[in-house]
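Note sheet for the following structure.
Just so it is clear, A, B, C and D label the chains in written order, and each chain counts residues from 1 on its own.
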Amino acid sequence: MKTPIPDYLETLLDSVREDTSGEVADYIPELAAADPDPLGMALCTMSGRIYGAGDDRRMFSIQSVSKPFVYALALQQRGWDKVQETVSAEPSGEAFHELSLESGTNRPMNPMINAGAIAVNQLINGEDSSVDDRVEVIREFFCELAGRELQINRQLCYSELEDAERNLSIAHMLRNYKVIQDEAHDAVLSYTLQCATEINARDLAVMSATLAGGGIQPVTGKRILNPDVCRMALAVMASAGMYDAAGRWMTTVGIPAKSGVSGGLIGSLPGQLGIATFSPRLDAQGNSVRGVGIFQKLSADMGLHLMAADPYGDSALRNIHTEGDATVIRLQGKVNFSAAENILNEMETEDFGGRRIVLDIERVSSFNKVGRRMIKEALRRYREQGHDVAIYDPENILTDLVYSDGTEAETLDSLKEHSLEEKD
Amino acid sequence: MKTPIPDYLETLLDSVREDTSGEVADYIPELAAADPDPLGMALCTMSGRIYGAGDDRRMFSIQSVSKPFVYALALQQRGWDKVQETVSAEPSGEAFHELSLESGTNRPMNPMINAGAIAVNQLINGEDSSVDDRVEVIREFFCELAGRELQINRQLCYSELEDAERNLSIAHMLRNYKVIQDEAHDAVLSYTLQCATEINARDLAVMSATLAGGGIQPVTGKRILNPDVCRMALAVMASAGMYDAAGRWMTTVGIPAKSGVSGGLIGSLPGQLGIATFSPRLDAQGNSVRGVGIFQKLSADMGLHLMAADPYGDSALRNIHTEGDATVIRLQGKVNFSAAENILNEMETEDFGGRRIVLDIERVSSFNKVGRRMIKEALRRYREQGHDVAIYDPENILTDLVYSDGTEAETLDSLKEHSLEEKD
Amino acid sequence: MKTPIPDYLETLLDSVREDTSGEVADYIPELAAADPDPLGMALCTMSGRIYGAGDDRRMFSIQSVSKPFVYALALQQRGWDKVQETVSAEPSGEAFHELSLESGTNRPMNPMINAGAIAVNQLINGEDSSVDDRVEVIREFFCELAGRELQINRQLCYSELEDAERNLSIAHMLRNYKVIQDEAHDAVLSYTLQCATEINARDLAVMSATLAGGGIQPVTGKRILNPDVCRMALAVMASAGMYDAAGRWMTTVGIPAKSGVSGGLIGSLPGQLGIATFSPRLDAQGNSVRGVGIFQKLSADMGLHLMAADPYGDSALRNIHTEGDATVIRLQGKVNFSAAENILNEMETEDFGGRRIVLDIERVSSFNKVGRRMIKEALRRYREQGHDVAIYDPENILTDLVYSDGTEAETLDSLKEHSLEEKD
Amino acid sequence: MKTPIPDYLETLLDSVREDTSGEVADYIPELAAADPDPLGMALCTMSGRIYGAGDDRRMFSIQSVSKPFVYALALQQRGWDKVQETVSAEPSGEAFHELSLESGTNRPMNPMINAGAIAVNQLINGEDSSVDDRVEVIREFFCELAGRELQINRQLCYSELEDAERNLSIAHMLRNYKVIQDEAHDAVLSYTLQCATEINARDLAVMSATLAGGGIQPVTGKRILNPDVCRMALAVMASAGMYDAAGRWMTTVGIPAKSGVSGGLIGSLPGQLGIATFSPRLDAQGNSVRGVGIFQKLSADMGLHLMAADPYGDSALRNIHTEGDATVIRLQGKVNFSAAENILNEMETEDFGGRRIVLDIERVSSFNKVGRRMIKEALRRYREQGHDVAIYDPENILTDLVYSDGTEAETLDSLKEHSLEEKD
């Protein structure tokens, strides 16, 4: 059997293929001359599997899609407080303000607009970095995110610099307010090189999946960013990634996203997916027409909305049964706060006649930090009440058996004798 | 054993109890005379369990915390298109614009500001409704959400109306732009009665949990709102619930939230929790000082951030083994898009020597729509390839066995003979 | 001979008569039903002569044209400081701000916009005045300005009140910020009655001439306003009278002006003219289409621009000649600062051989305050130098002969003997 | 006798001398190091007489005071329509908009702000001009205005360019919107050289007097600008010259003005005076503290308010008497529209028994265009009615004797025989 996902992606592409509305960006010859027709998309799962369709290997310059990634890198290198000094994280709302500087602080409103992105670029590799060193750090970071070697299209960059009046204007104003230290020209050069990195939809899907997965590149398995950094970058994408219509986008599509002028569009759904589309024709807001169409359909079809409550019904507590002198508590699935709460609640109401309690976590797929802490605390409390407590964890999923009081949990090698009578 | 969650909530309250900064709202005598000291909070899970601490049963007027709920009711009654005609869903950004009407359309920017909330109130029960009927519909909706009888504090409402100049100003301007049809005075009366509903932190936790859970009241189990309505309400809370600092709130705390002038603050984490705090002293932005502190600590401690990627590692495919002439594919946990993708991927690489395929979903806790569709499509494809396919689903969790081609899946009554040899 | 001015006015009307573009205001039935065709205008000179043409006696409601007059009355009654506390005097620039309140102070930006005019209306007759008393004070003030009895069209007022949502919105917000004390409804009633006063173009020309003339009603000769009050009202008309295009209006037309929604338009050129036109069709900015056309032509044809420098060449010093033992200094025309400076300068360079100096001011048409002070100071200095100084002022135009040191100037009864030999 | 004006100026300086509040501009070393103490002022009359006091010959860089002059030069060279395409003429109101570009057109709001002044500078000498040629044209224009050779302080210019981030930002944005064509660096260089021209208070007083006098340099008597150009420049100074407080300035001081960062402040009162002060300490708005104080006192003391209505009472018609078979109509003073209207009105009511009418304009000091036209039209009408009409104009003040119908007025060589019997 072939998985139906690629077929589904083809269907998605077909649903927008005939839409030739919009125009390719025309402010530089290279973009104006771009073929307007390519259409591609890719998904990347938390396990690092990539599904592509159409022109998913067609290379193009990353442009503004680079913004959330470099913001994440700045957070990783410099920390929230330093980055926050440089750029705010508020939506800029109506684009009435030419430069989108926050009144009072003169910081850029957020890192998804050019003013913010130019300022953030300057944070990388330290303020004293040369342009070349800074750009190389960013390029290497992009390579790590994509899991392969990427190149900067310097020819494109130089062409963009020939008509970079708006960015130069912004950079001079940032310097005027001491938001950046570099010469305006260097700051714009550095940012424009960042934007000229060539990628394809598959690369972007993997990169987005890295943000969605809390910083672990899902193909290479390498940790690139801290989870809190990814959370912040995703939050800013959610509030400011789609320019003027951020509110409407999050209400109807519900996927933190970022678009670029060359036709790229990415989305990151925390814990689930990285998504990327490529189609160069842009709508009036500067977003890829067919890319937006794909995201809308994807969200509606697949329930991929950030605010979607998965239908409840999960029981992380599989069952509780008596096995000789022991009460066996069998957990299953993913144990996060909600699951742990669920488990503890049911355990609390149980009257354990037998003194021995066995916690069977063989069927647990994972614990998060708070889930692990809560379960261990429950066991510690049982022991304090005089119960004899043991854990059956054949795959060492709990990882750390030390209780909050410093003592260690007892483990069992086998649960075989009990499981024979299992009647769930 | 007693669950440690109440202890944890007490710890949270203790962590902010000494902070007496901020001031109670003083624009009407009733609020100015309010005791500034109460401090309470409550959580409500998707299963409807409520954990409270401190003054969690202390009654107060709901005020602006009512906004997301009535917005959801309007969406439920009138649909997205009609509601969108009346009120936009964009963050209002800097509060430079007195009335926060969107330039061009003259609609209120979003339903979390007063202009938007007054307009949304008018949508309930039809434009021709009397004030009394409209307010009664809203009160009953709040009762359903809270799962108990709630009353409106009319005395408080009349006191508020004595100094309602700002809201009257807004209502007249809305009428000027034909956004509302009622007399300005009636519109403000209707909205102020909505705000004067008396609730406590436990009520608000349950109400928030209903939004978080896709519209099912978790205590009564009754469906009150559609899932898409809840998604939209949560999205607007995320982008506009915390006034000027919405971006920063979502970046650092990451819980869609709404505050009220009487000291209430709610948060809804989709699929996980409803949260409510109560402490009347407000900061300069009008948010409860200690409430904000609790949310910050809760988010940091518990990983309760909307953008948190649960650490991946779950395998919804438990195992695949041969059992006589059958290959048994055993699933587990929650099957959404990500899980289904995972399963299908592994199934794709498998070489099923035996003709018969048995899908064992006994250990599956739930399917969402797309997960169900993808799994069924995989089975249909196997059958098309000539495999004999059957499903073992003793708890009828799949609910609907019809394939996309109209045929029905075969089911098994028992898997006993296979499970005896299980060696996972 | 008939003066050509009426012919000129007819020519002006003819030049715009065919222009039927624009629309009458339609927000109330009374205005919507107004005959769109009337076209009239009037000029009033500083001497109180009125020239009218077309429908110059057609009555209409004064509407916003009342604003500068009531502003002047408020300044007269309450003084600059008190009025300035209530309303700023800055142009509101782009009309992006619904209510045009000044950020920070929450005062209306200026008295020419509705928010400002409503606030100014409340200053008349004291904050504790009843609406009736306040409106009667304003009506009587208008009567004095127009020099005849005027009536309020109460029917029109009540009709306007039926759709006064915007003004009610403004009034409530003003009350919210404590800018006004009256109930919002009363404030709007009071302002709307002010606007419903019925006048014609001739009345408005006289009223405008009163502002232009420093506060003396030119027909009755009665002083109604102080000169400084008129200066301030004219300055605000100049900067804010023509809404969004104030800068362009003052650059190209250069006449402080104010328009009203019923089709009136006034202009006041300090020291020269009051001008009024009436034509109900309005352009997109709400200004009378044909009225604007008339003003543009009038300004271009007649050099009636506030910034027009009258071609220089005036000599206020007519001549200086010796007459026996006296030197006769003969002045002429209007003696203001510039003229006095001119005179003193020429006197300074003169070598008065004879001890006696006679200042002949028979030909002087007027002194202003500073001109009088400077001339007297020059005479005092001559006397101090030992000259015998006398003034010939048969028409008592100097009015006050006391020098700055308290002594009095000597006067002559006759200059006849000198004038016979005059050789200028 | 010495004219008291210099004494008065000394008194003015004394009244502010002790005020050492404010700070010198410190954004470049040259200005930061400037002596903060100099205090000087100068007036220049329409006759070109200059009165100076204090440090009126102390040289400083003209800075923003150059803006209205270069705007006038642009209007003179390019015409209103072309200039209007480049820069609007509206007040910018609150300085909330970083760059003060007009929304929609992206033109600078007015030529008194930097964005406007940089754009206006580019209009001089054609868009294709080199920087050197353009700056030389401007320098020569300043020399003509001042009536003496002025130099540019290139050292100061280069120092300013080292921290010209804000202006560079503006120039790049202007280029982005195609408002200017030059490279941003060249545009800023060109503008900064303009600002670095060294002048003193006496120069500025003469330059301001040239604007006030309709374009004739009052010392050299040379026409430099057209009257309409001066009117426009003065109108823009009035509405936008004093930044945020333009409305208040015009209300209370009433003199079109412009300030500069090095401490200069000019005012131009049409037809009356050019005024300049110099004192380097600036208030929070960037205006010279003591300069503002002097203007306030000057306006209050001297009645030098643009909106001041000179007290009326002038009779341009001196008298009408019968002299044999002739009626002699004797005019006096300045004959503008108001005066001509006055004259015509009185003539209209007169019954001229005798057929011959003699218009005696010996005592007229000047006619303006419309005054001349109206008087000649009256004479033409008398002739048409059958009167024999003649003009006595010994000083040829009427200049042009052709009537509107092409015929010429009759003139008299002498009026002696009549004047003997004069009994006025």
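We adopt the following convention: a residue touches a chain if its C-beta (ideal position, glycine included) is under 8 Å from a C-beta of that chain, and two chains touch if they have at least 3 such contacts.
Going by UniProt, the chains are A, B, C, D = Glutaminase.
These figures come from a predicted structure and were not determined experimentally.
In terms of the distance between Cα centroids, chain C (Glutaminase) is separated most widely from A. Here the CA centre of chain A (Glutaminase) is 63 Å from the CA centre of chain D (Glutaminase). Centre to centre, using the average C-alpha position, chain A (Glutaminase) and chain B (Glutaminase) are separated by 22 Å. Between chain A (Glutaminase) and chain C (Glutaminase), the centres computed from C-alpha atoms are 67 Å apart. Across the assembly, chain C (Glutaminase) contributes 96, 103 as residues in contact with two or more other chains.
Interface note: chains touch in the pairs A-B, A-D, B-C, C-D.
Per the touch definition, chain B (Glutaminase) reaches chain A (Glutaminase) in the complex via residues 1-5, 45-47, 49, 80, 88-94, 96, 102-103, 109-110, 212-214, 216, 218, 227, 230-232, 234-236, 238-240, 244-248, 250-252, 254, 256, 270-273, 301-315, 332-334, 336-338, 341-342, 344-345, 347-348, 363, 365-366, 368-370, 374, 377-378, 381-382, 385. Contacts from chain C (Glutaminase) toward chain B (Glutaminase) in the complex involve residues 96-99, 101, 103, 165-166, 168-173, 175-176, 184.
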